[in-house]
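Chain lettering (A, B, C, D, E and F) follows the sequence in which the chains are written, and residue indices restart at 1 in each chain.
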Amino acid sequence: MLNKNIETFIACDCEYADAKTVMFGAPFDSTTSFRPGTRFGPSAIRSESFGIETYSPYQNRDLEDICVFDSGDIELRIGDTDACLSQIEERAKTILDDGKRPMMIGGEHLVTLGVFRAIAERYPDVHIIHFDAHADLREDYLGVKHSHACVLRRCWDIIGDDRIHQFGIRSGERAEFEFAKTHTDMHPFSLEDVASVIKDLARKPVYFTLDLDVLDPSIFPGTGTPEAGGVSFEELRRAATQVCSSLNIVGCDVNELSPHYDHSGVSTAVACKIIREILLAMNE
Amino acid sequence: MLNKNIETFIACDCEYADAKTVMFGAPFDSTTSFRPGTRFGPSAIRSESFGIETYSPYQNRDLEDICVFDSGDIELRIGDTDACLSQIEERAKTILDDGKRPMMIGGEHLVTLGVFRAIAERYPDVHIIHFDAHADLREDYLGVKHSHACVLRRCWDIIGDDRIHQFGIRSGERAEFEFAKTHTDMHPFSLEDVASVIKDLARKPVYFTLDLDVLDPSIFPGTGTPEAGGVSFEELRRAATQVCSSLNIVGCDVNELSPHYDHSGVSTAVACKIIREILLAMNE
Amino acid sequence: MLNKNIETFIACDCEYADAKTVMFGAPFDSTTSFRPGTRFGPSAIRSESFGIETYSPYQNRDLEDICVFDSGDIELRIGDTDACLSQIEERAKTILDDGKRPMMIGGEHLVTLGVFRAIAERYPDVHIIHFDAHADLREDYLGVKHSHACVLRRCWDIIGDDRIHQFGIRSGERAEFEFAKTHTDMHPFSLEDVASVIKDLARKPVYFTLDLDVLDPSIFPGTGTPEAGGVSFEELRRAATQVCSSLNIVGCDVNELSPHYDHSGVSTAVACKIIREILLAMNE
Amino acid sequence: MLNKNIETFIACDCEYADAKTVMFGAPFDSTTSFRPGTRFGPSAIRSESFGIETYSPYQNRDLEDICVFDSGDIELRIGDTDACLSQIEERAKTILDDGKRPMMIGGEHLVTLGVFRAIAERYPDVHIIHFDAHADLREDYLGVKHSHACVLRRCWDIIGDDRIHQFGIRSGERAEFEFAKTHTDMHPFSLEDVASVIKDLARKPVYFTLDLDVLDPSIFPGTGTPEAGGVSFEELRRAATQVCSSLNIVGCDVNELSPHYDHSGVSTAVACKIIREILLAMNE
Amino acid sequence: MLNKNIETFIACDCEYADAKTVMFGAPFDSTTSFRPGTRFGPSAIRSESFGIETYSPYQNRDLEDICVFDSGDIELRIGDTDACLSQIEERAKTILDDGKRPMMIGGEHLVTLGVFRAIAERYPDVHIIHFDAHADLREDYLGVKHSHACVLRRCWDIIGDDRIHQFGIRSGERAEFEFAKTHTDMHPFSLEDVASVIKDLARKPVYFTLDLDVLDPSIFPGTGTPEAGGVSFEELRRAATQVCSSLNIVGCDVNELSPHYDHSGVSTAVACKIIREILLAMNE
Amino acid sequence: MLNKNIETFIACDCEYADAKTVMFGAPFDSTTSFRPGTRFGPSAIRSESFGIETYSPYQNRDLEDICVFDSGDIELRIGDTDACLSQIEERAKTILDDGKRPMMIGGEHLVTLGVFRAIAERYPDVHIIHFDAHADLREDYLGVKHSHACVLRRCWDIIGDDRIHQFGIRSGERAEFEFAKTHTDMHPFSLEDVASVIKDLARKPVYFTLDLDVLDPSIFPGTGTPEAGGVSFEELRRAATQVCSSLNIVGCDVNELSPHYDHSGVSTAVACKIIREILLAMNE
């Protein structure tokens, strides 16, 4: 008898019961009913992941050696943003309740808010490490509070000052940079200061949110708002590995790949490779 | 002294006071803050319109001979669908109040609802001629009522049975086709029956809404949901010209061009050409 | 507890035991280890199928009403053509042994040979209906006998004269057209004669192989060897529906989509729509 | 010892002395020093021609059976339009002096003027058959007389009234259509009238100039100015075959392929196929 | 009453009378009448500029705080190069006469010559800072003197030795590099020496011409002649900011974006961002 | 009389008898009969080479000053891998027998094996310098030994331990990296150690094989398996120049360009430029 077709990120086919990390996709980019955008990110990543190796020569570790479960995409109620965020929150809660770590693939950056609500409830002293080109600290965007341009501000609403550590930021309104001065720990333009922050966060629960547009658009053109002057893949790989292998990562997400703008496929391949490195580093 | 840079659809640079028809763009495709989709339609159409001639050998008429005013795009509050619809309604109302005919360039098809509210208020006995691949008659889409998959149903909420004349429809849920049987005048798959309907509508006020995906995707690939088996450009040109030159068109819209999926530029050129033909036919 | 991620062609999620038709993908385009070509066809079709409706207004039938099982792609031993063909043959045999009908998604056209071996063993009196731009009747291609340019010739090796009915053919070597005169039933350039052939085949077991490049490249650019002068989508839809609803189809395949050449996504959407129509027509 | 690398249109590798028809490319699209446009047409056509068969099932003839010499591209002095036209004229003259028929691959349509000067000198009673979307009858384009929008007008300067037979025209200024009424034999929108014109031209020397944008942009998107509402490939193939096999063609050209706008490669494949059909039809 | 549609580079909507800097586009790429190339640069930049922020975190300044007027594109007489250069010269003269600084967006690099004639007339002691991949110092290109490969040589004709400071040059004929040794101040391959040259030019009038292909094609693929081994965005941003904030910039231009080769949109976004930084730096 | 059309890499039009280096293309990417992949590499490189200068400002040398013969592509028996490798071996042997140096343009990396067999026979003490993203050291790939993932392992079969010097490797299975520890001289991730290896190889015969995917995909997206974290163009240019100008290069190849994934043309331009630098450096 033939089996049903199961599709996962490469080598993330562990049994749920055994997995320490549980992946899922949040194919959200708002209310358009088909096509544009980051909503196609998770499925592109899953299917293109078979183009990379499971082995990392950087870490000398192999996805075959660890145990990750990929539960696929949530079927979101596109068009009702609040409902979608609740669905994401619920999925994260289930994973956390089962003693596992959620790893979400976006989707636009707003999806972070859904997971983070569940994370913050369970780990009230959680810190956020945020890699991004954009500050995402607006109070609202044209009056809308649940926008991807506001997602870190919404996280700040939950956990308050000095708990959000931002790196690589190189775009935003003046007001966002002003806000950051007194409310977040912002390290603009590069990832250089990551090491020093890691020291301060030892043993604390940390949520890691990676907006892939922190990368320079030369290596990551496939995103909605390319912003020149970003970090190189090697800079990201090193910083992300350091964060994930040194800290107590209680959850994470990787977002903002928009595969339809990735004509050469390079952006998707980059996303797959960085996810492999994060998975390997977190599971040391 | 130098002048400010004014950009219009080709040859639609009449003075507002003199214009009988007023164009505007509704760059709406919902809540994503930049990039994907039909929101780029109006500006692509405006700028690529300079690649076509102002003269139509089909009608032996020239845009230079008529008087159209292009008021540019509305600055929509993207992310708040209801607010956007109100902004569109208001723009249409202004134009109608000044005794002119609105011609809107979308955007996704939902924008039609904004204009149509203003139209239906002024012309309570208005009929709709609807060219589309999709029925757009769902009661809701995943619970959302203001979706582009529901827009004609929302128009039906306003004007009721036997007032919506649908042509070219070749996709939808079974329930939409069932609904059409008793509530709309649906002519699926082709535009062949347009002539007979035109006879019945002589002298009545008519709103014409053209979803460009009624075209076969071979000639119009640049749209969100390409649906094979559509009409040819010539079939559309003839039917649209007939509708616009024979009937009392009190308003119209052309929508669903998604320029980022139009790599060759053919879809945008097609949109420009059909808009020229509509403008010329309406202004006979 | 969360479930594994199951991915199927839209609405083909029936239980295996209940299914009359079983789909599978043959992601074969030879020995290159990653990227180019038709090997990406089945997964593109599966994932883009969620962009079409399950309901067909042409047939007034819905995929939700029938029972199809999608068993996913075979993991082929790319680089060893003979081994791949055997794997495909074995999959088809399993399905036939369980009293079901195989429906394969290619992959290049050579994959047909694998399924057809199993079919011909079970139904020695089987006929083939073949829609294609190319005759595929070469004795060999640069000395290679297992080439996609030879696949119908290899089928002829098995079943012999007057059992292969070819439609839409518009390209090949002179020798292939000569061969066809005495050995196959070739109807070049169009699908017009399908109806008359159907009459002759009533009640006989028929294998239907559809090379999508029979379509005109205007509507199906995403293929390896686009050949102008093909049939329209409507012509294909009607002919394929007629074949599948009138005859005793014991197996079928749809092949030669090469998604990386399908920049607009139209070819993939076309493939999905024709597969829906075939599934609905076969399951009447 | 190894040979130099010779590149020709497929199977056009006859010796010059034996050839009746001599091809050459005119990679002209004006003064830009690298990249955009039709200047890449001839080399794209030459290299992609190896994707088509040498045999035509339409005519049951094979390029292997006839004798054509491809002399490659002229090295044009891009930037000096007059010099380029002279270079083209000179090449055509050489071919005519050797008792052969020139077949030029453009480049933009202006290149026709170069060949036609040589043709008209040798055949003062020559007629032109012109397939195009555009009338190309402007007196000047923004003051420039040697523009591709004026090329047939420049030919008219040479041969005068009633000698230019235009088909498929569907775009131009009003003045061009007015001019055509009294000076050319224009059959707008389609190729339907070709047969009747052929009768009138029996035995006369005829120059055939084919602007590929006469095709509908659905099948030929790769051109500078796509104009919807064109003829199908089959319509073009039939009309071109009829022209070339019935008349005394003393020279011809095929132009306006712009390969960089031909992402799928379909337009280039179409150009190759129509050139094959023309070569076969002319050499009956 | 509705307003006409005004389109400017983001936030460059100051009144002309108040503006210190006046932008305009020179959509020139020679005689082709539609489509290819850099002629689409200015309008792409204008419309995509709405994808970037008005605030620069690098300079902590905002376009909202300064006063720039964008006068749109000049309607050039494409096909007559000399006329086009005169039109550009005239526009620059008008701006200079009104005591303002011209900032031109190209178009191909030849457009610089038009502006520079006006600049050199008003500021006879002007120096040029030139960032480019190409030397642009040919005496002629295939006999043509007004070519974009000769533009700096034409500027040298006007101002002579030791007044042109070239940076980043990594391509040219041997003769150009020889010429540079005795006639210009060339710093090939990088922008490293900019600081030292700035010192020498303090208080002198300086014209800044930026050919965007000085950037590495990894970050700026959308140009006619991509030349590997270029500078990074950060290197360009720093050098351009230094030049524009330290020196007396009396005019400048940014050129050679060819949007049709910019499939991902990254090149256009890069152009917009560097223009923002230049505008902010010049207006300190 | 007109000449046949000869096409070579720019300025590589020396007579065979005079040439020290002989180029040829190996358009191999396995058994698919048309389209996908690296098989289009050599012809794209040849035709795009006319977009670069013949002069290198890096080396102050010009292709016009040296003597290279380009013998075009081998007509390979695609589909029969062993036959293809023999054809390549034979071509290399001819060149070596004539006392010249072969320079092959791929095609996929497996083509190296063909040339290398001829090289190793003539120079039994030859060493290999290998730049690549991938180790290519698998014993087999899904059971296939002649795969591009195994090519260096097959070379090792011929020459054994300590003769293969690998640089830039950043991807492979764990087993390949294990194998390298005891059998090859691997310098992963960068080209930094090239200088020290060069010292050790002075005067020895060296074969240089360059898989262009050693470059970062930001600058070289047009390849089958893009692997982030690669070297920059400048790093490659310097290392390749050093290798080719310092060592006794008895043969070399440049491979893995896949032009159909190179939408912007940048990858092909990069390949052309590095080939120019290699040719100039080898011919010092």
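Quick notes
As a working rule, a contact is a pair of C-beta atoms (placed from the backbone, for glycine too) under 8 Å apart; a residue touches a chain by one contact, two chains touch by 3 or more.
Note that the structure is a prediction, hence the values are computed from the model and not measured.
Contact with subunit B and subunit E alike is made by A, D. Summary of the copy comparison: rotating subunit E onto subunit F for the best CA superposition needs 120 degrees, to the nearest 5. Among the remaining chains, the Cα-based centre furthest from that of subunit C is the centre of E. Between D-E and A-C, more C-beta contact pairs join the chains of D-E. Note: centroid distance subunit C to subunit D, computed from Cα atoms, is 39 Å. Subunit B and subunit F have CA centres that are 55 Å apart. Annotation for subunit D: residues 34-35, 51, 216, 218-219, 225, 261, 263 touch two or more other chains. Counting only pairs that meet the touch rule, the chains in contact are A-B, A-C, A-E, A-F, B-C, B-D, B-E, C-D, C-F, D-E, D-F, E-F. Within the complex formed with subunit E, the subunit B residues making contact are 1-8, 13, 16-17, 22, 24, 34-35, 43, 46-47, 51, 69-73, 91, 94-95, 98, 263.
Chain contact summary for the complex, subunit F toward subunit E: residues 51-53, 55, 57-58, 60, 62, 216, 218-219, 233-234, 237, 263-266, 269-270, 273-274. Those residues of subunit B lying in contact with subunit C across their complex are 169-174, 177, 188-189, 216-219, 221-222, 225-229, 261-263.
For subunit D in complex with subunit E, the residues that touch the partner chain are 29-37, 77-81, 83, 108, 141-144, 147-149, 224-225, 258, 260-261.
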